[in-house]
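So, here's a batch of structures to check.
First chain A sits with chain B, and in the next complex the same chain sits with chain C.
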Partner chain A sequence: MTAIEYLDLLLKALLLAGVYAAMAVGMTVVYGVMKIVNLAHAGFLMLGAYFALEMFQRFHLDPIWGAILAIPAFFLFGMIVHWTLVRWLPKSDTPTLASLLLMFGFWLVLQNMGYLFWGNEDQSILTPLTLSAVHIGESISIPKVNLVVFAAAAVCMVVLQVIFNKTWFGRSMRAEIQNPYAAKIVGVDDERTSRLTFGLGTAFAGFAGALLGMLYSFSPDFGRPFLLRSFVIIVLGGLESVSGVALGAIVLAVLETFSTTIPFPWYHHGWNYYYLPPSYQPVIPFALLVVVLLLLPKGLASLFSRRWKVA
Partner chain B sequence: MSVPANVRRWLKLILPLLLLLALLFLPKTDPGDNVIRMLFLTAVWTTTSLAWNLLGGMAGQVSFGFAVFFGLGAYTTALLMHAGHSPYFGFIGGAAIAALASFLIGLPTFRLRGPYFVIATIGVTEAVRVIMNNLDITGGSSGYRIQEDGPFRPLEHYYTAIAAVTLAVIVSTVIASSKFGLALRAIKQDEDAAAAVGVNPYVSKLWVHAIAAALTGLAGGIYARRAAFFYPGDVFAFQTGILILLMPVIGGIGTVWGPVLGGLVFGMVEEQISVKFPNLHLMIYGSLLILIILLEPDGLLGLLRRLFRRRTRENPGSTDADKVLWGRSSA
Partner chain C sequence: MRILSLRDHFGRALMFGVVFLILCMASAAAQDTITIGVVLPTTGSESKPGLYQKEGIELAIKQINDAGGIMVKSKGKKLKVNEIFYDDSTDSKKSASLAERAMSADNAVAVIGGYSTVLGIAESVMADRYKTPWITTGAGATAIFGKGYQYAFGSLSPVALIGTTSAEFLGAMIDQGKLKKGLKIAMVVENTDHGTDYVTGFTDWSNKHPGYFQIAVNEKFELGATDFSSILQKVKNSHADVFLSDAHLPDYITMHRQYLQNGLHHQMISYGARGPEAAARQALGAGTDYIFAGIWWSNKLPYPQAKKFATDYKAFTGHDVDSWYAAPAYDGMRILAKAIETAGSLDKTAIRDALKKVELKDSVLPGQVLKFSANGQAEYPFVITQNKPDNKVDIVFPKDAATGDPVAPIPNK
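Let's turn to the complex of A and B:
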């Protein structure tokens, strides 16, 4: 491979990382504040993609506007879900299996409602943007839609950082993440904070789902591979940190993009180089998930801050 | 209505035997192929449900990854039969390979606790499915076909499935009343406390995982022989892992008869609903899961017990499900 091709792949990996970050960040805030591993995140991603599709087909709305509209819609939806289901779960410092199975059951319901409404054929959103590309030099070309999606995801991450650092809601979220008991003592309404947080997490999931729907074709089973990717990302990022998510997204995106170009040396009648066949590429996030959980349960940051040990 | 303790002990022994006798002599009444097929599937799924319950219910380690063992059992049996061995040798081989795989999976993942273990099992099952989809010797994603000479014998399939579920019930009962079962329950209550009183949680979990995997592999082999054709998107599917987990949760976690009840309900519901509304059944299971988590963690068995307890005022019900699901003891 030439240097130009590497540069091309690197650019694609970074663009992918932007979407991955937007996709995983909703899961991080929910985990951080409520200690819930939100398996229904996959369902919200799927609904987000279909939301953009419906907006596009019925109202001829550009999917990027569909994605932006998804934010308030899913914010409300998330608050309703929290009010009806999630708030009955017992409070806990560590994730409980009850929360895991509850969200999982809800995901099953969402997914199969998707099958009921939209059938199981693959859908995709095609706009003029999808087929045009920006050319840099001779051999690098990037589809415009990827650029637009990346920009939207980046803006959203910045907005989230502002909410997180500058508003009272953000402060109460951070307080809940750091110490829920102390937060209660200083007057943080944890019920309200977790309701808003769940809404925010769902809003991000819907937004990211709409963005992913612009890039890939989707069916009601759409969220599953992305759910595990989100989980890899937030574990890499240390589970509770929003900036860690950006780092985790970059690591995963780069690994996935370059996985088929990394040579494994293999000795068989002299040295051979073995490349991962592209059909095995989906294994990367799943294998990475197990490896990361085992070796870096506190995320990448633990590599720098303390000696790592097997959990 | 209060039943004396010794009568109750006899009932506990006799009722399952009566059920078994009824199942064994049922074909004599000529109930039709459809009923036999439905009971066959119910027995296969109940076996996996009991197997899952050994790890998930008794030891408290919830796994989404049992489809791996089911699929491995199916493929091993098929490959052994293809190589000219008897199907029964194939079933044993399937169980052995599944148990072997359980060590490979368990050695790293049992270092994780609670939800991290759960998430890791999702990763494992997805990775295995992708690999099986691409493996050449099993025909990849296009599936595998078993060719067996002679006429199709539904009754032979039926009896092997009944034998498997009987084995699973016996194994569950023996483990539940043994010292090993006590160790598993101690691990579920508090892993550190169990380690402090001389239980090695890591090793115990590995062994129960292997037993559960062997039973699941056996069920997979029996299923595969009757189905005669299967593919990774079917036996290794995430959905299969979900179903295996849903049955004991619906029936009642941590007991011997809860998973059986769950398997029975599942077999009936599946037969009636999945044909007419192919996508509705998972929605029903999802809603059931939500309701069970929020309202009755002990499952259907717990519900029955609660109805029964109103009259007897004894039998405080199991706290197992409470512990597994909520991470608390109800004492």
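Let's turn to the complex of A and C:
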């Protein structure tokens, strides 16, 4: 492969990282504040994709607008889910079995409701952007839809950073993440913060789902492969760090993309070069998960200065 | 202890009598019908093909029962078919246990089921264990039929034959001068028995016909992959003439979307058994034009019985038969009925022996004859379809079933 072709792959990996970051960030904020491993995140992603599809089919609304509209709709939905289900969970500093079971059960409910409403046919959103790409020379092609999705994801991450740093709600969230007991002492309303956080996490999941719906076909089972990647990204990113999520997403996307194209030298009766078969690509997230949990339990962000941590 | 009165004794005797009568009636009713177990997914990720297969089986059962049933010589009369249906929810463990239940507790004389390969493999072990004929109408991988099972049958032609037929089709295009000999092939298949069988079928034909093809890329990918950029880069670098893949529908859509976004073009493109699905055409529009596929059945087949099946299916279900799933299920039930009639009894081993010999000579499947080979699997030719502009699909191979001419090489837009 030539240097230009590697550059093409690097650009694609960065665009993929944008998608990964958007889908993982909602799960991170919920974990950070509430210590809930939100398995229903995959269900919210699926609903986000169908939300964009319904907007597209019924109201001929561009899926990007569908994704933007998904933010308030899913924020409200998340707050309702919190009020009806999540707030009854026992408070804890670590993830509890009760929260895992509740969110897993809720995911199954969402999935089956999806089958009930939309059937199991694969759905897609086809817009003029879907198949077009920006071509630079003969070797570099950047899909326009991936560019749009990357830009939308990047804007959302920046907005989240601003919320974290500049608003009362953001400061409450950071206080809850750092020390929930101290936060209570200084007057943070933990119930309200939790409710808003769950709404925000769900809003991000709905937004990411709508963006993913522009890139992939989907059915009510949609979200399962992304859930595993979200886990890996938030573990890489340090479980409670939003900037870490971006870093984790880049590391995962680059490793996945390049793992099958970079030769590994191997000495056996002289130097040989071995390529990882593409069918082994799913091993990458699992291997990363194990390595990071063993060597860097606080994530990649812990390698850098504390200033990196916004939360 | 309370002493029972005469009234109590009478009441109990009456209750036992009623229960005995009900059991006798149920037993008599059971003997007057032929119980067939059907285990398919009608919920979960495979619910759509599972439902289509169920409809195909139930159409056949309705037609058999409307004609008075199946003649069973040992009973001296025609018996109607009684279907016991179980939804396995696309869960392989559930699929196996439901097949077991149908074979043991329900004492079905035969069980039909197993869509797709994964569920079929799970069910297949039960057939020999309970010595009950089992026909899979939705699993065609060698992983089932290479194990020497004596009671397992399948109405789908082997997956390897998709690869073979695809090679044969491309070979015919070379012979006709539409494509040049020595085509460089890039093969990217799913990492499953299905994908492995496809490659085996293609390379077998290629090895027997040297000079036609050279394999430039032979890679596998994991099911449900989200990013194919590195694998497509390898395809691009190989400068292959033909791109062949074997993929499930979601992977076909994702991979072909990225294929188009990367500006790739080949003289011919195939995704194995996928190609004409409405979901893919909706997802990618004209991007799916000219893709060819090797499929088990098409509603374009010119046989009168295939056309009648399509009409009956629509009348029975209220919707068109727009995919291949229902046809092998329909014929799976019909060949079972014929085997029961040939066996002349409801003895499971006798039905198994009959299934090994029987032929369905008015089959709706390609070749028009359905029979099982020595390993229990049907072996009939595939048809090659090619997507044409404006959502049209033509059968383009073999020639005697063709409804349109193949476009080769495909135009570069």
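Quick notes
Assume the second predicted complex is superposed on the first by the 285 of 311 C-alpha atoms of A that agree within 3 Å, B and C clash if a C-alpha of one lies under 4 Å from a C-alpha of the other, contacts with A are read in each partner's own complex, and residues count from 1 in each chain.
The rule we apply is simple: a residue touches a chain if its C-beta (ideal position, glycine included) is under 8 Å from a C-beta of that chain, and two chains touch if they have at least 3 such contacts.
It should be emphasised that the depicted structure is a prediction, and the values quoted were computed from it without experimental measurement.
Aligning the two structures on chain A places chain B and chain C in a clash. When the shared chain is aligned, chain B and chain C each come close enough to touch A:115.
In the superposition on chain A, contact of A:282 is made with both chain B and chain C. Once chain A of one complex is fitted onto chain A of the other, the partner contacts of A:106 are limited to chain B, with no touch recorded for chain C. Shared-chain residue A:228: touches chain B; no touch with chain C.
In the overlay built on the shared chain, the residue A:98 is in contact with chain B alone; chain C does not reach it. Aligning on the C-alpha atoms of chain A brings chain B into conflict with chain C at a single listed stretch, 145-153, out of 19-27, 145-153, 181-189 or 199-207. In the superposition on chain A, the residues of chain A touched by chain B in one structure and by chain C in the other are 115, 120, 224-225, 277, 279, 282. Residue ranges of chain A in contact with chain B, taken from their complex: 37, 85, 88, 90, 92, 94-98, 100-102, 104-109, 111-113, 115-116, 120, 224-225, 228, 231, 277, 279-280, 282-283, 285-287, 289-290, 293-294, 297, 310-311. Those residues of chain B that touch chain A in the shared complex are 62, 108-109, 111-112, 114-116, 118-120, 122-124, 126-127, 130-131, 133-134, 238, 242, 249, 279-280, 282-283, 285-290, 293-294, 297, 324-328.
Taken in their complex, chain A has these residues touching chain C: 1, 5, 8-9, 12-13, 16, 115, 119-124, 126, 130-133, 135, 141, 143, 145-146, 215-217, 219, 221, 224-226, 253, 256-261, 277-279, 281-282.
Touching chain A in their complex are the following residues of chain C: 43-48, 188, 191, 219-222, 224-227, 229-231, 233-234, 237, 249-250, 253-254, 257-258, 260-263, 279, 282-285, 287.
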